[in-house]
Amino acid sequence: MNVLERQQEAGLATPTPIINDFSLVVATANGTGSQTANLTLLRSFFKLGIPVHGKNIFPSNIQGLPTWYHIRVSHEGYIARKPSEILVAFNPATAHEDLQELPSGGVCIYNADLKNLPQRNDITYYPVPVGELIAGIDVPVKRKPYIANMAYVGVVAWMLGVSLEVVEEALGAQFDYRPKLVESNMQVVRRAHTWATENLHKQDPFRLEPMNQTEGLVIMTGNEAGALGAVFGGVSVAAWYPITPSTSFMDALREFLPKLRKDENGHPTYTVIQAEDELAAAGIVMGAGWAGARALTATSGPGISLMAEFVSYGYFTEIPAVIWDIQRVGPSTGLPTRTSQGDVAFAYTLGHGDTKHPILFPSSIEECFEFGWKSLDLAEQLQTPVFVLSDLDLGMNNWMGQPFEYPNQPMQRGKVLNAEELEALGGFARYKDVDGDGIPYRTLPGTPHPLAAYFTRGSGHNEQAQYSERADDWARNMARLARKFETARNLVPAPAIDHHPSAKVGLIAYGTTRYAIEEARDRLASQLPTSFLRLRALPINQQVRDFVAAHERVYVIELNHDGQMCGILRAEMPDYAARIHSIAYLDGLPLTARWVQERLLQAEANA
Amino acid sequence: MNVLERQQEAGLATPTPIINDFSLVVATANGTGSQTANLTLLRSFFKLGIPVHGKNIFPSNIQGLPTWYHIRVSHEGYIARKPSEILVAFNPATAHEDLQELPSGGVCIYNADLKNLPQRNDITYYPVPVGELIAGIDVPVKRKPYIANMAYVGVVAWMLGVSLEVVEEALGAQFDYRPKLVESNMQVVRRAHTWATENLHKQDPFRLEPMNQTEGLVIMTGNEAGALGAVFGGVSVAAWYPITPSTSFMDALREFLPKLRKDENGHPTYTVIQAEDELAAAGIVMGAGWAGARALTATSGPGISLMAEFVSYGYFTEIPAVIWDIQRVGPSTGLPTRTSQGDVAFAYTLGHGDTKHPILFPSSIEECFEFGWKSLDLAEQLQTPVFVLSDLDLGMNNWMGQPFEYPNQPMQRGKVLNAEELEALGGFARYKDVDGDGIPYRTLPGTPHPLAAYFTRGSGHNEQAQYSERADDWARNMARLARKFETARNLVPAPAIDHHPSAKVGLIAYGTTRYAIEEARDRLASQLPTSFLRLRALPINQQVRDFVAAHERVYVIELNHDGQMCGILRAEMPDYAARIHSIAYLDGLPLTARWVQERLLQAEANA
Amino acid sequence: MENLNPASTIKLNAVGLSKKDYDGSPSTLCKGCGHNSIASQIVQIAFELNLQPHQIIKLSGIGCSSKSPAYFLGMSHGFNALHGRMPSVATGALLANHTLKAIGVSGDGDTGSIGMGQFKHLMRRNVRMVYIVENNGVYGLTKGQFSATAEEGLELKYAGHNEFPPVDLCMEAIIAGCGFVARSFAGDAKQVRELLKAALSHRGTALLDIISPCVAFNNEDDSPKSYGYGTKHEQPLHELGFIPYAEEIAIEPLQPGEFRTVRLHDGSLISLRNLDHDYDPTNKLAALERLQRAQETGEFITGLIYYNPERPSLAEVEELNTPLSRLSTEQLRPSQAALQQFLQSYR
Amino acid sequence: MENLNPASTIKLNAVGLSKKDYDGSPSTLCKGCGHNSIASQIVQIAFELNLQPHQIIKLSGIGCSSKSPAYFLGMSHGFNALHGRMPSVATGALLANHTLKAIGVSGDGDTGSIGMGQFKHLMRRNVRMVYIVENNGVYGLTKGQFSATAEEGLELKYAGHNEFPPVDLCMEAIIAGCGFVARSFAGDAKQVRELLKAALSHRGTALLDIISPCVAFNNEDDSPKSYGYGTKHEQPLHELGFIPYAEEIAIEPLQPGEFRTVRLHDGSLISLRNLDHDYDPTNKLAALERLQRAQETGEFITGLIYYNPERPSLAEVEELNTPLSRLSTEQLRPSQAALQQFLQSYR
């Protein structure tokens, strides 16, 4: 509901203050370095104790194309994307369109250099005389356009009533509190703030008031959290090939490992290799996992396609490996800087022949961290490639979260036999189902025992890992692999379920769509009560079946075009498939609560 | 039912003759050249007018590993795999096991050099004194082991009562009637035949009697038929990388094209490129299809994995391409010389992001030929990669078939605008849905018109093919692609349906499993009448829905482990998913009618 | 075409086109990017050579460099392929229509890293096309990681320290059988134009390895003049994506045999040495030797390094005549009689 | 181990193993295949060098050649990877445990065609391993198509006529930065052994490009002695998969500088020339020149062509110490305190 609606509701002419509940968008051009300014705003609000979240909608180039940074504050703690009431118009190329999208009652803070901006009489305008504000600031001329961004920080602070102390603190965090840098930026912020105080009259209803909702929380990107999880999960070999939006995952890993993972003598307990492409990255991970390392790679859609053959190999030869897919919009190159959940079906059965792979779906930085270490455990426990499907929204944007929980279980290394055990057992059969769980035992190269060796091959093999073209060997082995997958059902993270006692309708989702859905559920609470099952992994366990069984209609809501998870669930629960419906959409932007709400009501109307 | 059962049934002590209804297996080692001998037998039976089919079960090496060649004759025309009553034991390595598998009442023709062959008193033994039979035959010593195979041809001919004239004619066909070759081989056959007549007493019931069932039929492998279809479909650029079992498809293409596709001046109207790998093969096909060639590649599972990224590209940029996947057993390298239907689900949505591709499923050499040309039409009509999923059994074995029908429609080149049309239209928009069928218009490079050019990219684009990151452009484009896929439903070959009026049970299958299923249906006719829908393509059309709707239970029978097609059908028909059941199995061997029969009865018992 | 240029004062070339007619859409690359300079030269020579836009195809892989075909020859068909896969796509397109002139633009990552295999095999097949590598030693589009052509020991703010020896694409091309191998510098407009023109007339694959500095990421950490004070501690700034405005580098054309060091945006220097008048580009060994020595002395030799027009192009080898894309359905589909006759031998 | 050899008369080496202990499972390759000869030499030198089987890993891609690791060192871990992807797998395995000795076996198709990219980048990283290419100029396992190393103009019964120049893997390795580049002939057991031993002690990647004739498919059409009368008309025979029995080719060791032509199974000849005593393998340019000349004269030079132990291996560059595969969970997982402390900066 936009500002005007609110006003009418309140029956007021003059706006009632709107406190800690609105969205703000900063429109700039890529390469101007506005990220620093935007994060300064984000951190300022965070430091005020107000639930906040920022989403960067950026282009696939390095300089010049339009970028939007959305910040939402919500005293109720909602962080889903929401159309903004406040626009900071600093990009001439998009200013007109950006302005049109403002709801009436909105605010437009604009760079005073912008020529002939359309005038709307239902919104408030505040100019920012950038030129005069940065005049004489001592920075190299080249960096002027960059420092200029600080001007809008000052004006926004004025408009929302954020004290400069808070801003300075936030700025400090940005620059590791390096005085010279902080000062050169703060100078501009201050000037802008003073100028606004002296020359502008606040006419809009938007204000921020301190709360205590962010006490003790951390703020981090999903890629950083995932990488940190991997560091505590004992990743020892990481191989990758750069691709947006997974690059910052590996950047974080390369930044964190040296700080946290040197042994007592200062030697690294890890190595990170930039491969020549994704085929090589996958191969390195396979080789490393086979030889006993905790190995991972991170990539995105195109990389997943290139890894298909190796993943099929890893499934069949039973080699532990972790593959992070930070999903972006596909098919093909698609929209490399937009978010999506479009690789789910592809990753689930990636590779030719009969293959299936466990997939974890983090939805928060807490889960990124948790799955960061857990995925490495699962890969070695199950001796198979394990996927973690994150997305650009989660991976590259900053999210609030509880400080991460230290791993609550000892590191799982799976069924690995050492020389002593081999001696005791008198040998082993690599692909034999000793324990009935479908998971065989393995040995590592270098194990000092004459019976340790076995031969790994992607071709048909018997329990002794010998080459075999026998029909019975093949059938037995595939049956065991299927048994292993059954074991996986209860090893992977169970779904998070919010069961509404009287709900006839159940919702199923995974990953970051949860935020729009949770907000929509609250809005619909009276009108259309729903239960919510958030998948945290595939394959599904019994709880998912029970959930579907317990509701008349189940909607699978996802951020892709073809309703991929819906298809998977229908195929796995044919007896309930008729009640499983798809609500799927993808245009590169995160879902909004309003959209979810409308689509649900529509669907129910036709039900 | 085996011979003994038959005898008991007939209440006879002495065997009643079994005429034109049995299977024979020749067990040899790879590299001994027994193929010539085996095909000579196959052709002899064919020339007798008896329905016959041969399956080569060979190893993934070049010399030494075991090979079995199964020949089934059936006056009823059944050609599915069936356990053999007659064994030609020429491979010491497998003789014991091969012998165990003979049904009682069976026959074992063995190489007399074989030492201590187990003696069974319920089968008939005929030795073949190879050594003495080839003694003094004038061929280079190196070729002796090869020529030796002709010895069992002679003995089998004697045993089944096949005249040497017929054998000689068959041999002739093998060697393009080149006298010297025919004679050197026939010599051995004759000797063996004479020796058998003089030294052996026929004790078994198996005999062949001439029929007229093969009149006018052709005999060919599926790969040859598919390649021939492509030749008549106007393939102009073919790129490939060798991989079993697709290699013989390209070999046939390279053999046929020079014979059939030179222009009036003797210039080739085609080119065939051996690429450095499958990624390159796919790229060549994409480039060629984009530039206006009729392009195809042939590969198998591992190649499909490597082509994933390009197929995702082709789907999104809308480039015509044909990809033959001659399926072998996966995952990974799997069993490269065994048959499977294991790439169905993978190929259907190959590539990251939301992608879907038409797939054709040939089940006979007639359909290989038909889909050979039709797939090229469909690719250009739909402007998208089109798959043809054959399998090793169909592709590499010899099948009887009706002489192929010449294409019954003019060649379809799809929506391509030339200079005149562009002039008339005043330009075009590459990705605009002008006709409402989701299929846009394209132009070819080299079109002499200033408005002909457009820019092809795998990244987000608008209707004018311009780069776009706009949410609305993306959503609109994906919606159109979905519309195009709906159009495909009724363009691809419709299913072949045999509707049994009173059947409660429907069977769905595709490809070569049809033969075992058709035989099983006949056997079950009274006990369990069934309807049969044979999918000839994906995506499915309304007929498939109607078929499922018309039956209480539908069994999807397929040659893979995970019931891949069953999963696809459940996902596409959620409302009927509950009645769709999977009967899937894969051990590398083609299905038998008996297995289908038993599994169906089991399933119905539990239904 | 003329109607595009009504009896105006605009200078038209022999095919009636103005230079503007060879432009593409506006570049979305960074200001000052070497890739932009190269695009301008392509426009220039296309105009000067009176090329018919419809007879040209533009191809590329993925990367900043690979985006540039969108920024020149807007009236020619373009194909922005997959990362590292331009060679196979070009091969296919030129088999379908071998009469087209192909200009391919790739990057050092696109060619030297993920694309190495296809690059080598394209050269081996001698597909007739101009293959431009806009070589900046980094992955620009993914924000500055080292590519396989980065100098050993190079220290960059974002990418860190490069431990591996550089791939010399000219050497790679020569031993792969390429008959036209040249190296230049994006700032030397004249030489780039001359080499482009020569390359377009070559019989097979012509490689142009053009040093094309990246404004945004190829800036040395220790360079006094690198952006934003240039101490390691500035990293955050940089990572937050501030790309200062820069001018494209343009230098006076090098004279034959001339040696010159050129200052890049970040103040770092590269050494260029133009080949001597008397240098004989037809001697394969000499070419390899020259490149090897240059590598050891850390300079880039520029000019036509190796030339050998002997080998036939792929289209020649395949004996292509009428472009396959122009064949009539009659030419593509044999007669019904042919089918019947053919099937005889399978009875 | 001794218990495998009860106080017997069998000759044991310094680590108490008999030569048999280094055998693998029986070969399923064709009789007479050069690959078998090479496998035997690996067994021989492993015995002679007293290698501990558990300290060795065997790796390969896909192909007949790539099958052979199954046929030697049965007590060592083996990894039969994907076609063309052995290099990346070896890289990963040796990062996980850099103390292992790695013997990789590939084919000319596996390395020169699909594997070109990974091959080049393995050399560039200088991963410590012995990289053997069993080079027969064809794809054996898929029945004899030309590989990228087949001589230009070669005519084979099945594959037909080869129109493209051969990839010289030794040259490729040298310019990619490989510090140990040798070529030999499978039939020269002594030289193969010597080179294998030297390669095993090299600091980084050691390439052995070993000419290894294919009995089944590398037979020239016009050769008088090729199988089955050898006229084109015999093709059907051949296609029906008859592989005559053949002996492995074994020749008297070549002496330094010696030139000799060797007759292959099909009667065709190859020319071998052993490097001279005074040949200096440490000179990169000289090595390239030597290879180039040999190519022109159509002979194979054998011996250690290039040697340069200067470059550190990947493991050295990555400063690996305790093998990563042997780290304890304590070493792999930082403390709870470390986590809390680290998170401070994200508040």
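Order of writing sets the chain letters: A, B, C and D. Residues in each chain are counted from 1.
Quick note on the criterion: a residue touches a chain if its C-beta (ideal position, glycine included) is under 8 Å from a C-beta of that chain, and two chains touch if they have at least 3 such contacts.
Only a predicted model underlies this, so the values are computations on that prediction, with no experimental measurement involved.
Across A-C and A-D, the chain pair carrying more C-beta contacts is A-D.
Among the other chains, the CA centroid farthest from that of subunit C is the one of B. Averaged Cα coordinates give subunit A a centre that lies 44 Å from the centre of subunit D. In whole angstrom, the spacing between the mean C-alpha positions of subunit C and subunit D is 35. For subunit A, the set of residues that touch two or more other chains comprises 59-60, 65, 276-277, 302, 309, 313, 332-333, 457-459.
In subunit D, 28, 82, 113-114, 116-117, 121, 148 are the positions where the chain touches two or more neighbouring chains simultaneously. Looking at the complex, you find that subunit D touches subunit C at residues 113-117, 120-121, 124-125, 148, 163-165, 167-168, 171-172, 175-177, 284-285, 288-289, 292, 311, 317.
Residues of subunit C that touch subunit A in their complex: 28-31, 62, 64, 67, 82-84, 113-114, 116, 139-143, 145-146, 148, 216, 227-229, 233, 236-237, 240-245.
Residues of subunit D that touch subunit A in their complex: 1, 4, 25, 28, 52-55, 57, 59, 69-70, 74-82, 85, 87-97, 99-100, 117-118, 121, 318-327, 329, 331-334, 336, 338-340, 342-343, 346-347.
Residues of subunit A that touch subunit D in their complex: 216-220, 224, 228, 231-234, 236-237, 239, 256, 259-261, 263, 265, 267-271, 273, 275-277, 279-295, 309-310, 313, 373, 403-404, 406-407, 410-411, 413, 443-450, 452-459, 466-467. The touching residues of subunit A, when paired with subunit B in their complex, are 59-60, 65, 301-302, 304-306, 308-309, 312-313, 315-317, 329-338, 340, 342-343, 345-346, 349, 351-356, 457-460, 469, 471-472, 474-475, 478, 482, 560-562, 564, 566-568, 570-571, 574-578, 580, 585-589.
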